[in-house]
Amino acid sequence: MNKPDSSSQASAKTALVVSAHSADFVWRAGGAIALHTQAGYQVHIVCLSFGERGESAKLWRKGEMTEEKVKASRRQEAIAAAEILGASIEFFDMGDYPLRADKEDLFRLADVYRRVQPHFVLTHSLKDPYNYDHPLATNLAQEARIIAQAEGYKPGEKIVGAPPVYCFEPHQPEQCEWRPDVLLDITPVWDKKYQAIQCMAGQEHLWEYYTRVALQRGVQAKRNIGITAAKEIIYGEGYQSIFPRVTGDLS
Amino acid sequence: MNKPDSSSQASAKTALVVSAHSADFVWRAGGAIALHTQAGYQVHIVCLSFGERGESAKLWRKGEMTEEKVKASRRQEAIAAAEILGASIEFFDMGDYPLRADKEDLFRLADVYRRVQPHFVLTHSLKDPYNYDHPLATNLAQEARIIAQAEGYKPGEKIVGAPPVYCFEPHQPEQCEWRPDVLLDITPVWDKKYQAIQCMAGQEHLWEYYTRVALQRGVQAKRNIGITAAKEIIYGEGYQSIFPRVTGDLS
Amino acid sequence: MNKPDSSSQASAKTALVVSAHSADFVWRAGGAIALHTQAGYQVHIVCLSFGERGESAKLWRKGEMTEEKVKASRRQEAIAAAEILGASIEFFDMGDYPLRADKEDLFRLADVYRRVQPHFVLTHSLKDPYNYDHPLATNLAQEARIIAQAEGYKPGEKIVGAPPVYCFEPHQPEQCEWRPDVLLDITPVWDKKYQAIQCMAGQEHLWEYYTRVALQRGVQAKRNIGITAAKEIIYGEGYQSIFPRVTGDLS
Amino acid sequence: MNKPDSSSQASAKTALVVSAHSADFVWRAGGAIALHTQAGYQVHIVCLSFGERGESAKLWRKGEMTEEKVKASRRQEAIAAAEILGASIEFFDMGDYPLRADKEDLFRLADVYRRVQPHFVLTHSLKDPYNYDHPLATNLAQEARIIAQAEGYKPGEKIVGAPPVYCFEPHQPEQCEWRPDVLLDITPVWDKKYQAIQCMAGQEHLWEYYTRVALQRGVQAKRNIGITAAKEIIYGEGYQSIFPRVTGDLS
Amino acid sequence: MNKPDSSSQASAKTALVVSAHSADFVWRAGGAIALHTQAGYQVHIVCLSFGERGESAKLWRKGEMTEEKVKASRRQEAIAAAEILGASIEFFDMGDYPLRADKEDLFRLADVYRRVQPHFVLTHSLKDPYNYDHPLATNLAQEARIIAQAEGYKPGEKIVGAPPVYCFEPHQPEQCEWRPDVLLDITPVWDKKYQAIQCMAGQEHLWEYYTRVALQRGVQAKRNIGITAAKEIIYGEGYQSIFPRVTGDLS
Amino acid sequence: MNKPDSSSQASAKTALVVSAHSADFVWRAGGAIALHTQAGYQVHIVCLSFGERGESAKLWRKGEMTEEKVKASRRQEAIAAAEILGASIEFFDMGDYPLRADKEDLFRLADVYRRVQPHFVLTHSLKDPYNYDHPLATNLAQEARIIAQAEGYKPGEKIVGAPPVYCFEPHQPEQCEWRPDVLLDITPVWDKKYQAIQCMAGQEHLWEYYTRVALQRGVQAKRNIGITAAKEIIYGEGYQSIFPRVTGDLS
């Protein structure tokens, strides 16, 4: 498990990604992760489960498979992808289909918030009728953030601020009532994202699907620029923010 | 009428404010205007009407009043406020209660978009059951923006990009289904905003109301900051954006 | 045209009903009208059109029919129904399918507001994909209310306050995104309402439909009572309010 | 103008497409049109405008262009595309950016409804903050349908029933609050749709965009099938229905 | 417990109904069940509880009652109703007021999905402020469907596809934010539904309520038919679908 | 613990307040409590937790603090505030950050409903992304109300009716999708509310915040009065009702 190096952490900006299954962060947030690690952020990924039951169909169809084998294979893929994206990663191994969280899981994630002190957080959408683990992960990420803000939780520790939380794109966005209010230009890191995607050997059918998602969001990003910039946007990622943005500049 | 000086315009960033009545921009966007003019933006305000019928109760109660006198008085107040905020201003004098727009009004506003080439746009909320002029102004601002983007409207002119549009705060926000997704820190320019507010002699009952609005939005802004900054936020303005934000940084 | 008697008006409570077609007020608000006239209110009904094109199918099928004949017949039915309900009524004869309102119509209705000084207003739902005249009537009722509140509209006249506006039940409530937040017990006046309904000879197919609506809303009203009252609710009417209710008692 | 042949009409099923600009029906509904004409439907397309101002950027950039030239070119493209799709087409030439409809336009479209007697209707989304002509077309299509249903409009003519209305996919679906509740398998006619798309020489940048849309909706369609059918779905189109579906079978 | 006969299952179409309490399926889905069993479907009903605490007021008022007696009585009624409707039924006996589900309940229901392989699923609405057991049943039905789709849950078993899920009508539809997008014509089987309703001796007050519901939905169904069919619709049931419908025909 | 005196209870009207943390009822509902106790209601407050972890930052920063000390201090403040407001209060001590409720907590609260037989209920908003304990309290209050209505829960006890439930104002109303549909005039009891607010020594930063909230809701209340009453409204509280209001008077 490669955790963020706490010694250098003080100076760097940081981000936290909460992923229900061990591949979600790649399809949905790989661009954001690569973009920010490249800009000097320390990005830390928590995978709540390996998606061993629900998102490993190809592995199970191989036969001679056990849950442990699937989890080991998925872990390998996720570590490889995180490395390409430049992020640290850890696994909570909470089980999937269904994902369930008790208080200990909540506190464990709150402790990660305290340790990482993220400048922003990426997680799933608020609803997903196709996948109940996803909104459960979002809820856990949200509630852990609140716990980590409380002076009375492990008093004396450094509490966290109110980092923005962004919901990444679900598989069928309109059915999840997900509406992107942020379009991130990931053109400069698309190669890395696609390389990370290719680590997901068990879900090859999704490679081209998420390439097309990136191209569509890229076109849409171009359609929403005020004054055309010099650089060209080709690939994008969409995010929906949960909290209002605090700023001093509206352009 | 003091229009933006086109000679210097090329180099500066610009913004456009579309105000249904001649005082709306002060209560609802005075902070944003002052903040950006102070930062070097050229901000231009279009007042579609003077609010002569619907928002000048105190003047009418004086007696011996005519629509022309009310309009003249309101124009004076608006010009004074704009000057304090550092913005240029023009008046379409379309009438209020009800505000109505025909194609000529639409094209006139589209032409302002072409001339100003705004980096962002401020206007009213999408709904307001207390004030039908407000959403009509929003619709006009939105449709004029679309016309100004079209190559086939006055072909050969420089079209506009897709500047973000922000809806400023209506009087009873929840009843207008308005939800701020941007909280602007206007602490550095609060003095100017309050000075501009004081130009609105006819609506003194609103001075303290909008001071409290600014204080509440300020507190809320502090509650939504990721990593606490050095500076203190005291006053804020809330905005709801219509379009997704295109960015390369999520913190 | 029987208008409210202005001499006695000062002392009585009043209400205004804005009905797109000349029968709408019967199906949708007949109970509320009878209940309040019985309680001493002066209730005034404005029918914007006779529903001569769109809601008089049975008449048209008789043959030998002209628009004037249909309108005369519909007028008779509406006057008879209003009389049973104890309300005054007037007809704007603006035409239907489509209903369209210009500024003169708006001012005419604003003048009714000024004259009636209503304690509450009943009109259609905000949306209706089956009937575009209905939401247009709602919008006209809403905007006229705003005009009537403005000191600058016909200065010197007595302006109106901010009477609550209730949307009555559309034909297919869920499809109109209409949700009742008020259930009115109309049991004491059901006989009158059903008598008024029977005036609508041209729409007999709706008599039983709206009897069932009243029974369902009656059952639902019983289900939403805090502490069971002595009296039994059998018939109800549902309303959706547009504005918050101001009160000093929550029970 | 090639209108549906009224002689053969009685026996065939029919559909009506209301397109704000002359290319919209291709990108957004080309698959549905081809699929149904292939199944024996007579599909008739009404283009309210040519999109001469707002959706012909490439033509305008050629220089030496006039509105008439643009319109002629757009008409040619649309006729060619309709022919490939097997549909009849007519042009209302109402102008675009802004599209505006008066009563005559409304009645003209109502008359088309009466003539075509459509079994279903395709048109734009209910909202589109990027394109005000689109929802205006939807509203016109909806209101004309209502007029055409009224016995009192041109009494004696055959009125229309209540054909389902489907909103086709806007360019940025989530921003338009559009949610597909129907996924149409257009795999068997994709070749025709892509051929029709290629008629739109002036908007080549959209060819690949809408190919990707079709592929994404195809994948999503596969994800929403109850019991896997024999045939493979590759291309899809999404639709949002406005009215409830009446059926006798839920599978 | 009469379960579907697995030998004949392969050839027949099947459906699954998940009912929070043992009478819900009758009021809310009796027509759909009878219609489909009559058409050759094997319909299987799972009652999560007997509604022994919350929906058996009349039984409790008899005196000398115990929870076991109430449950036995309710079981009898439900079995009788299911028989009339032609469906098989089983009881999970999970308790009501409150209904609570643990992982074992979830897996038990997932196993039913696997066994039944339903072509469609009927269950409760997504929200119900009057009855918390209802949305809990919906959530359980939804999550069990997802588990049953996962290759990694009991690997080697036949997984299920993505059958459409329809929410049946709650008692106060608008308060539950329930909007029917399917109107099912149950006229041919109304007699059976009413016969099944009459099995619910403990809730006689609901017989006429749900008869009126059926009549209203019948009228509404007639109002939403494209081209009037020969047969007459008198009784209907409304459903709200959760997932998009995949089809090749829009009429 | 000062519970309502059951001997006198029969004759008085009653109300129940369910507060997630021990200070919530003061900021959010202090005016309603004082207003109704002054009018002769017996108002009973249940504090589910003391807010010891999440809402006692100032206490924790004092140092030398333990959870027990914080809870004792918070209990004292709450009792003092309840006394000023004239209400009885009890503490469930369920813990906060996170608040979690099991069946026993649910039944305990249902028993309070049975004992108090409230004419109305006050609790938190349905959503709050800043505070997960708040909506959990709302859900508990709602479900306990349903249990208390069930004949089969502790058969023989007096069940409760269907008292209206009002959601009080969250800290950032728009972010919680909270919209007030009731504005309560609390001017006559403002002094008491502010006195109660001052008991909350640990949260002094909120005193002025909630004074401004009261002033804003007061201004808004004045804006929503039909016919201006003699008395002046200065302070208000906003509420969102969950259930429709049953009434016989619309003014």
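As written, the chain order gives the labels A, B, C, D, E and F, with residue 1 at the start of each chain.
Just so it is clear, a residue touches a chain if its C-beta (ideal position, glycine included) is under 8 Å from a C-beta of that chain, and two chains touch if they have at least 3 such contacts.
If you want to know which protein each chain is, UniProt gives these names: A, B, C, D, E, F = GlcNAc-PI de-N-acetylase.
Nothing here was measured: the structure is a model prediction, and the numbers come from that model.
> Would you mind telling me which chain pair, B-C or D-E, is linked by more contacting C-beta pairs?
Top pair by contacting C-beta pairs is D-E.
> If you average the CA coordinates per chain, which chain's centre is most distant from that of chain C?
A
> When chain B meets its copy chain D, do both sides use mostly the same residue numbers (more than half shared) or mostly different ones?
Chain B vs chain D: different; shared/all numbers falls short of half.
> Please compute the C-alpha centroid of chain D, do the same for chain F, then give the distance between them in whole Å.
Taking the mean C-alpha position of each chain, the two centres sit 53 Å apart.
> Per the centroid of Cα atoms for each chain, what is the distance between chain C and chain D, given in Å?
Taking the mean C-alpha position of each chain, the two centres sit 38 Å apart.
> Which residues does chain B have that touch at least 2 chains other than itself?
Residues 130, 175, 180, 220, 223, 238, 243-244 of chain B touch two or more partner chains.
> Considering only which chains touch which, how would you classify the arrangement: line, ring, star, complete or other?
Chain contacts: none of line, ring, star or complete; other.
> So in the complex, the part of chain C that touches chain B is made up of which residues?
Those residues of chain C that touch chain B are 103, 106, 139, 142-143, 146-147, 149-153, 155, 242-244.
> Any idea which chain B residues touch chain C in the complex?
Residues 52-54, 56-57, 60-61, 65, 67, 70, 97-98, 100, 129-132, 175.
> For the complex, which residues does chain B have touching chain F?
Touch list, chain B to chain F: 130, 171-175, 177-180, 209, 212-213, 215-216, 219-220, 223, 238.
> Which bits of chain F are touching chain C when the two form their complex?
Within the complex, chain F contacts chain C at residues 13, 15, 32, 35-36, 39, 41, 117-120, 122, 161-164, 166, 180-185, 220-221, 223-228, 233, 238-239, 241, 243-251.
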